[in-house]
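Below is one structure. I have some questions about it.
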Amino acid sequence: MLIIDMMSEWRFPSSEPLLRHAARIAPAIEALRARCDAVGVPVVYVNDNHGRWRSDLRKVVQDACAQEGPGGDIARSLAPRERDYFVLKPKHSGFYATPLELLLRHLHVGQLILTGVSTEHCVSMTATDACMRDFKVWCPADGVASHTPALRDRTLTQLQESLCICTDPSPSLRLPELV
Amino acid sequence: MLIIDMMSEWRFPSSEPLLRHAARIAPAIEALRARCDAVGVPVVYVNDNHGRWRSDLRKVVQDACAQEGPGGDIARSLAPRERDYFVLKPKHSGFYATPLELLLRHLHVGQLILTGVSTEHCVSMTATDACMRDFKVWCPADGVASHTPALRDRTLTQLQESLCICTDPSPSLRLPELV
Amino acid sequence: MLIIDMMSEWRFPSSEPLLRHAARIAPAIEALRARCDAVGVPVVYVNDNHGRWRSDLRKVVQDACAQEGPGGDIARSLAPRERDYFVLKPKHSGFYATPLELLLRHLHVGQLILTGVSTEHCVSMTATDACMRDFKVWCPADGVASHTPALRDRTLTQLQESLCICTDPSPSLRLPELV
Amino acid sequence: MLIIDMMSEWRFPSSEPLLRHAARIAPAIEALRARCDAVGVPVVYVNDNHGRWRSDLRKVVQDACAQEGPGGDIARSLAPRERDYFVLKPKHSGFYATPLELLLRHLHVGQLILTGVSTEHCVSMTATDACMRDFKVWCPADGVASHTPALRDRTLTQLQESLCICTDPSPSLRLPELV
């Protein structure tokens, strides 16, 4: 299970609507993470390095948790635990210029659940890169967010039709099949 | 300036001779780092993730500094500062499955000084990958170490003859030319 | 200017509607190629290797030209000339596991015109990979085709809104600005 | 089995000594290729594109075979057959900016025999990249050549000691173990 760009200070241009929608999906991601924990599916945080290039996950997480408002709420509820993996990405796709693919091969993972923001950028570009590398991808509609619901829905339709990515909501995912 | 794999707990098989030689080159690296600071050459730590896949530089540095003996001395004298960059690599070469190349392009760097351990593995493989990407590479003989001086010297001869990499000792490097 | 997957025997499942729409965009691509020739914009064919892994562009082009019907018409009208570049790609994106990025850097290219098929797969995935590598991308609506016009239009809207890719039709492209 | 850079017009600076040594190893490579054929080990040509960027293996092979002298003899004796694979590489390592790794995964290959020229550049850099990707590598001493035997021997010693690459001569390779 990948959690994309949910640890953030939301300091980029017009981040407000995205943050609002991200806050709404956080509970579904938290619930899905608990289900993954229960059956032993590893959780990998794939997060922007926000131009810092310092491989410093703790700083990213601390700064995200320290802020006021919904961004801090998200970060505190979803903060990575000791056992979770963490990959800092310099660009949109989690696979570009990162060790993500090596980590997934190391974990003997063939299937991915993608959650986080934003659906049309980092989630979608990580999803297509995953398909191109022959991973099977799920992208639960209630686990991803965009600036507008319409943009999210169009992106999900696109992923579904062009790459056969399943976008059924997270409660319908049958996790034991993944292990 | 790259500092390769000097932050370590030295817990791999037969690390003892390598650690001993690493301790001897630490002062030269520290002096070179001070000269880089003085002229504004950025310093990038390129360090093994030691199978942790957690992008957690602070844990790597803390564990290295906390140990007794020469490994701790090295780590404390060379620990990265706030302004330094840090790239965790999953394999030997600093360029493989990491954002190193993107970072160097972002810093508009065309020339690299390589220091650290071990000369024949991570330093040499990072050096060849750098040459293949058209960076100009210096590898000062007093800034790199191997299990034996003979192995270091043969590797340096190899880099010099096959890739035209300059291996003159660090005092002879003219840093202002790099900026 | 990239021409994607137009040299083909169209032997994949349900290729018929895609071929029909590809035939309709071939004249616009041919006209755009002539304009690129006139101002010295290099033309790069980015084409599937169709599972052959033999880097054999001539066989791909010969087989495509030798067939009856619209696939042969397309191939004969758009066959690469001596001066054109040719990159065989093993997967959807022209940038994945190919020398395309190195070639474009070698040509000192910073802007790309993407044409060919299919809009939602290879064109779109090459476009997003190009944006991630900081190329400026044009994707003229009359130079790309999908199985249905609706799918093409939705993909173009997606590229436009999420990646700011210009999709204006080819006659409106001002080529001299590219050189 | 990889055959590296043996299809060439040998038109680079000071190619003469390398060509002379390459001519001497051609019979051993031919014999090894026949043994690979006999047990079904796939043969992959990994060859420089010589700045052409046109994925045109036939032109590379034709030009190599057409020349007078030892370069033509080598090319004619070792020219790729219909069933062989062919990867054009833009730089030294066969893995950099090419589909080689994908091809090897596609062929379910975990072990590589490296032959060709030059030992200290393309062979050595392909060998280290292969080791970093967890392939097991053989580099038979009688199947690789350098500008001087001394340079070849030092490179082989280096590969052997630093990467545990077997450099026993080709007659001692037990091919059935590879399949």
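Per-chain numbering from 1; labels A, B, C and D assigned in written order.
Just so it is clear, a residue touches a chain if its C-beta (ideal position, glycine included) is under 8 Å from a C-beta of that chain, and two chains touch if they have at least 3 such contacts.
Just so it is clear, the model here is predicted, and its values are computed rather than measured.
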Chain whose Cα centroid lies at the greatest distance from that of chain A: D
Length of the line joining the C-alpha centres of chain B and chain D, rounded to whole Å: 31
Chain centre separation (chain B, chain C; CA means) in Å: 42
Multi-chain contact residues (two or more partners), chain B: 91
Overall pattern in which the protein chains touch one another (line/ring/star/complete/other): ring
Touch list for chain A against partner chain B, complex: 49, 53-59, 84-91, 97-99, 101-103, 106
Residues of chain C that touch chain A when the two form their complex: 91-93, 96, 120-121, 124-125, 128, 132, 151, 154-155, 157-158, 161-162
